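There are two complexes below, and they share subunit A, which is joined by subunit B in the first and by subunit C in the second.
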Partner chain A sequence: MSDPVSEKPERSRAAKWTRRGFIGAGAIAGGALVVGVAVRSGNPVGKLKGIVAQGEGEALVNAWVKIGSDNLVTAIVPHCEMGQGANSTIAQMLADEMDVNWENVRVMDAPADGNYVSQHAVRTFVGPGTLPDRPNQVSFMEPTYDGLFTQIGKLAGAYITGGSSSVRSTGQNGMRIAGAAAREMLVASAAKEWGVPAAEITTQNATVIHAASGRSEPYSAFAAAAAEQDLPRAPRIKTVDEYKLMGTPAPRKDIPSKVDGTAIFGVDAGPEGENLRYAAVKASPVVGGAIASMDASAAKEMRGVLQILNMGDFVAVVADSYWQAQRALNTIKITYTESENDSADTATMFAGFTKALDEAGDSGGNSKADYGDAVGALADAVTKVEAEYKVPFLAHATMEPMNCTAWVRDGKCDIWTGTQVPLMARDGAAEGAGVSADDVTMHSVLLGGGFGRRLTPEYTNQAARLAKATGYPIKMIWSREEDTAQDFYRPADISRFTGGLDENGKVICWNNVHCTEDEPPEAPLVEFYDIANVSVRNAEVEWPVRLGAWRSVAHSQHGFFVESFVDELAAAAGKDPVEFRRELLKNSPRHLAVLNGAAEMAGWGSPLPEGHGRGIALARSFNSIVAEVAEVDMTGETPKVTKVYCCVDAGFAMNPDGLKAQMESGIIYGLTAAMYDEITIKDGAVEQSNFHDYKMMRMDDAPDIAVQIINGAPDNLGGAGEPGLPPAAPAVTNAIFAATGQRIRELPISKHFA
Partner chain B sequence: MNAIKLTLFAMTATVSLSACGSESPEPTEQIVIREPGEAATPVEGAAADADGADAADLVAAGKSAFAACVACHSVTPDGASSIGPNLYGVVGRAAGSLAGFDYSDAMAGSGLTWNSGELDEFLTNPSAKVPGTRMVAGAVNDADDRAAIIAYLATLSE
Partner chain C sequence: MLSISVNGKPEELDVDPAMPILWAVREQLGLTGTKFGCGIAQCGACTVHLDGQPVRSCSTPISAADGKAITTIEGIAEADGTLSKVQQAWISEQVPQCGYCQSGQIMSATALLKETPNPTDEQIDAAMKGNVCRCGMYGRIRKAIKVAAGSEPSGSQEASA
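And now, the complex of A and B:
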């Protein structure tokens, strides 16, 4: 196997990599199993040390681990905390590999520094999909990939929290190796110091132990020496039977601060001791529109107002308090320039979708999957089933509205904001402040909800521009109205299916065409179902609004489409929906186990009261498999979801409690959208504005949720943040069908019960 | 490279470009009403004088916002001090000077005279303004509320 540290032609453009640089960067020789920081020239640890290890006697062992003189071990995690708890779980993985007890572990957000680009996350997004998770095997291809990932990562400003990737990518491929490597380096240092063979040394509770001579020392005693050690060529990571912390519900490290109120979210943060000024902003409600004029005569007279700015693409009021700024802004009469989207509306857009789908017919459009002969097989079908489904645009509605605090002075810019992409947010701020990216300091804070909304940098750009123009430290807060009107929306879609059954009710063909470009690409695919002839395509359409990633991304639409249609096929075949799916899953044992798990939890088949119904749905997303059974009560005026039983196989639950919480959260977020919400466009602008017309699911409408976990593939982890969502909507609509015979083909459900 | 897999990045990257451009535009219009450090409210300003109704509103608002203070301060003429000193006539009075009240050394020696600017700063963060003060509660975060309270206190004198 080639030594990745030696220079190779494809890397010759990069500066020479010294071995020291690699080690310092926390990379591992012998297969380029890179521990986080990876492919860059020079040794960044010196620079990073000043940023992340400032405490007295603290040693940065590699870029992901630091050990304090108090023997506390800190995991430096390149993902942000938006409620999902993944950072704590990642620290758990590190601690287990390092043999550190949970009480001695701390978690720190990695600074927004290019060295913390999570190429493991990038790989999950852009990698060739086929690359198995095998952290302790030498892979010849990996050096090249890692180089590529780092590059792409830098291009996209990735240091990204999304794609349900933190635990399965950064944790599995980064932190565990960092932990194992750190442990071996500590052991090596102790062996040297004590003059005993490393093999005789054991570790436990952040202590190195040499039983034969009765010696033991805390890790901190060797931290500095360990940092000087060569990185192990291939640190040995634990097998499942050796896990101590992994797989346990270790309490999340972020809970205490959230309970006692000391947790700092973006909206709470700012420069210490400075008198912040507040900004409220309003941009053109129509995409492509700019500010033509503003009449601020009333606002000028209002109390607390310091400045009123026409920024070209938005209007801002800066005042002593947020509420003063917002009230003044509300009085400003703004006119907007013309935009090609001025006449856009949802109905016209959907008519365009229909036309595009008509044109695509049964074989046109971009092929996503094509095996067998879906069109030809239909001719042999005894029963043909056709259906068309429709879903609306959705907003993210994060509990904490979009906000950013910026302070520009002396050629430097400081930013306090919740973001899923700190580097991209930093670049947005740099442009806004007119400084270089290196002159921007990102202060990491908690996110009051992300769901994909905080993957864009436009709000840091806005705040930095205001801070620069006014000279004040500015806390810019979007009103809920602005948040709803200026989102990057989950794409609306129409999806058409034609399916055929043979005389035994077996599915022989599946033909689907829809409009959205799918991210991730496997979202509409059904290869786990045993269907011989499949065609999945999309037709290209125009969008009148900005699109974004919304929790579970394209799975959020296709979960509903696919599982509704499977249910319709089951009904056409005259079969029980669970029995029907069991037959389809005969070659997919993990999917089948999950389906059976959910059915069993729900007591599938047992009698329900009059007017109640049960529905099941199954989805695979972000490498996790989830089945949900929903129970609905249709005896009232509107449907009420009473129970959701969820069975999940995420490979291995690193923290079962965290996985369960994410399933519950995904279900509630999915039900909120499925039951109530749509974003519609009229005259180019979003019609909804706040929680009265974009509802959230409240406690009294929330179902009881039960979650059961299957650890079906300990070496092949799946995500947690998103996979709970896709089955939620179809489980409910299938339950409504079971209860009443009414098939809901368009979301939200509330539309049909107005 | 799989083009489709890059969609998410493409989305965000486009956003970055369309939102920021290569350089971010400066304001096309910037109305500066006042600089920081100038009085934060029209209490003593022309606006309040010009609009008597506004001033009366402000005093009324101040009276109700003063609810945050009544646990420690009375405001009746010649009323007894309790945990904090009686604040009747405090505007214009030297800090720490009410006879019979046991002030902290910090307050007694502060050398301040209470006008609306000093009060505004004190109420924003008492221990920043008078380090060592015994007034440990009573900070008022909202600038409007502070202005209102001060306007109300200003009415409390012969």
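And now, the complex of A and C:
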């Protein structure tokens, strides 16, 4: 069989790139391999085909992409759409490689089916016969063949939406290769049909063209034949100068449905035509507590109430309407069993943190980074600087409260819910419904915000248990109060620093100890700053509450800690904060360019009105570098952030408007927490309950935001959903310092202006 | 039995008169574009129009709508399906992220522009501060309102590219 790739002049370079790409894909975009190989002749393509190919005349080219008889190309995306727009962007990447115009592209969520992602799937679909009997197939993955099984198996879902990974992993390493492969298979089919060399065929706008003979056909004409083609050995990926769609602000595919009320979120979804019943629930407000007793005498008399259930760990009211269920639940007097956390409170917990940090001292605890001699170098310092910072627990407060619709019958379970981890959610539902995971159907819906909250989908288990117990299709909705009380919180933390400056104001040592485990591990590290002697450690502490991943995870704390302390060192050195950071970034050109970009945008150094101030902060997270300058107006009773200038280098902006929107979003999310919010614990329970005591930034308090993009590393993409957040808080507190001399070392800022 | 015009269509509803408009339109009429966010009129996700005025439907009983007209997000496009100027601006400025709050945002913005066709920033603040966008798209919402008002040209995408 002819190998179209071998005729490409840039084959070796492309192949090398591709190999690297697939090595990366093994960890996160495992689906790419599974479905990519699913098109191999003789492979068990049938099952996958039934899942994703729906319409008459649709042929499965490979499971990342299908082509309809109408020449519409559907990208099958293994990520959830929770607002980040990445599904649209990674479809853009596929379409560009495939030479499909944006108007002809549709986006479809991959079904939550283990065939896409599990280790079993890889063995079933990739394993049999791939090597060695078909050595020309997917040979680019040979070096990591064994490793892939391990890596994919380890990942609780390659089907996971988090870690700002969609574009840089799935898009870059999966979608682009899939799109290029699909295009080459179409070309190969056309070449065979027309009896011409593949190298003479060009593609554009979803059309194969043979200019010499004047022939052209839409892709759909060859879709079925292409599905029979061998997967190319090393599909050729475009170079940046060849990009047509990548790097453009192609409009998001999901937006039209979000302006006319037709978008379906979890809370909107359910079985068609079935008589849904609604459930309101309340669990113990204290971790470890269960239901001891309940008095539901008033509730059971209330209109619409069908069942009142003591589920052991929570109480549920099932009614004809959610409002009736919740209203009845609110009348039930519940007592809870004792829990070891009954007396937990925030002050005691912070005292425990302080004790642990005292014990760790200047060299104890778990080492996160250790180079040079941070303790020894301090003896040589002309100026010593010490500071301690503190941040609270935070809730996610997605606009759509947690909810799940479940229907259990005939040994099967159907689930409609928004989740960042459909496979984990499915397993929880299976356990709750008492069926096997294979008997659970996960229906894909939009997420009304994720931010990490929907990485812990315990609510599917809860809803499945209710559906099983009642026999009804049940739509369970958490009240905002339940959502706030039962979150998995961003960890509170205290972080201590000791730094030393030499006689020129240069930082010679940096010693940090804090309490949280660091996820991702680089969050507290400062390797991009030119500091010779560094020690970063954490001290282990106990947690009386559930912890979860909150947008930007540990970067959300350490961005504030690190950039506050850098600012304090600059002040101690008597240097301008930007100039001081420039010196520290002399070996980090991309970071320096981002810093300079933000400073220039903001007109750093130009005069501001009396009582106003500017602050800068820099953070790298999820492989992107972001600097932000905040301007604050301190002339009122409380600080007002008037402007944020943001410069971002995410390697290459696949969709510049999407990247810009994510920066805007991360900044507001970060500012909301920095300005207003803390979750506090008293008698083991969360004290906040709704938006009146867990405040959201609103239109009148939101700053103007300007975003500038640097494409600093086109082959080394960074994330977008989270990296805008970490610099937001310290940029503001540093601005407050610049305006007033007041150093804010504890968040939220509002505490200091009550 | 309550008689209510919903998006121009007469409806007879046999529900508890205390039931909030939100749940009546979502569960009884299947109009799920109106969203539940907080239940206490703090977030604006549930905003609908009652006789043209924006109300928080999570905290307004359906009885308050008896004999009146409710308009939801499903009812603001033209009769022929053409999207309203506000909806079109929401697309041209690529406003929504997760999109959950946007029905309420659009209903508040639509009511604002009906009363104040060319609003100042202060008027936009006053009309929109009851609507939370957890994805933080306030800058785009403000821009889209001005685009819909005709006071600013479209172009958030060009500006960023």
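Criterion: the second predicted complex is superposed on the first by the 670 of 754 C-alpha atoms of A that agree within 3 Å, B and C clash if a C-alpha of one lies under 4 Å from a C-alpha of the other, contacts with A are read in each partner's own complex, and residues count from 1 in each chain.
In this text, a residue touches a chain if its C-beta (ideal position, glycine included) is under 8 Å from a C-beta of that chain, and two chains touch if they have at least 3 such contacts.
This one's a predicted model, so the numbers in the text were calculated from it and none came from an experiment.
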For the three-chain model obtained by superposing on subunit A, do subunit B and subunit C clash or fit?
clash
Contact-wise, after the overlay, does A:G304 reach subunit B, subunit C, both or neither (first, second, both, neither)?
both
Looking at the overlay, does A:R546 come into contact with subunit B only (first), subunit C only (second), both, or neither?
first
Looking at A:Q324, would you say it contacts subunit B, subunit C, both, or neither? Reply first, second, both or neither.
both
Touching partner for A:E517 - first (subunit B), second (subunit C), both, neither
first
Examine A:F488 and indicate which partner it touches, taking first as subunit B and second as subunit C; both and neither are also allowed.
first
Have a look at where A:W604 lands relative to subunit B and subunit C in the superposition and call it first, second, both or neither.
neither
For A:M424, is the partner it touches subunit B (first), subunit C (second), both, or none of the two (neither)?
first
First (subunit B), second (subunit C), both or neither: which does A:P251 touch?
second
With the touch criterion stated at the top, can you tell me which subunit A residues are shared between the subunit B interface and the subunit C interface?
303-304, 321, 323-324
Which bits of subunit A are touching subunit B when the two form their complex?
125-126, 128-129, 152, 155-158, 162-163, 275, 277, 291, 294, 296, 300-301, 303-313, 320-321, 323-324, 421, 424, 427-428, 431-432, 434, 455-458, 461, 464-465, 469, 472, 488, 517-521, 546-549, 553
Using the touch rule from the top, collect the residues of subunit A that touch subunit C in their complex.
82-85, 248-249, 251-252, 254-265, 267-268, 278, 303-304, 321-324, 326, 397-401, 446-451, 477, 479-480, 656-657, 659-661, 664-669, 672, 690-692, 696-700, 702, 704-705, 707, 709
Interface residues, subunit C side, partner subunit A - complex:
15-16, 19-20, 22-23, 26-27, 31-40, 42-43, 45, 72-74, 77, 83, 87, 90-91, 94-103, 106, 124-126, 128-142, 156-158, 160-161
In the complex of these two chains, what residues of subunit B are touching subunit A?
1-2, 4-9, 11-13, 15-16, 19-36, 40-42, 47, 142-144, 147
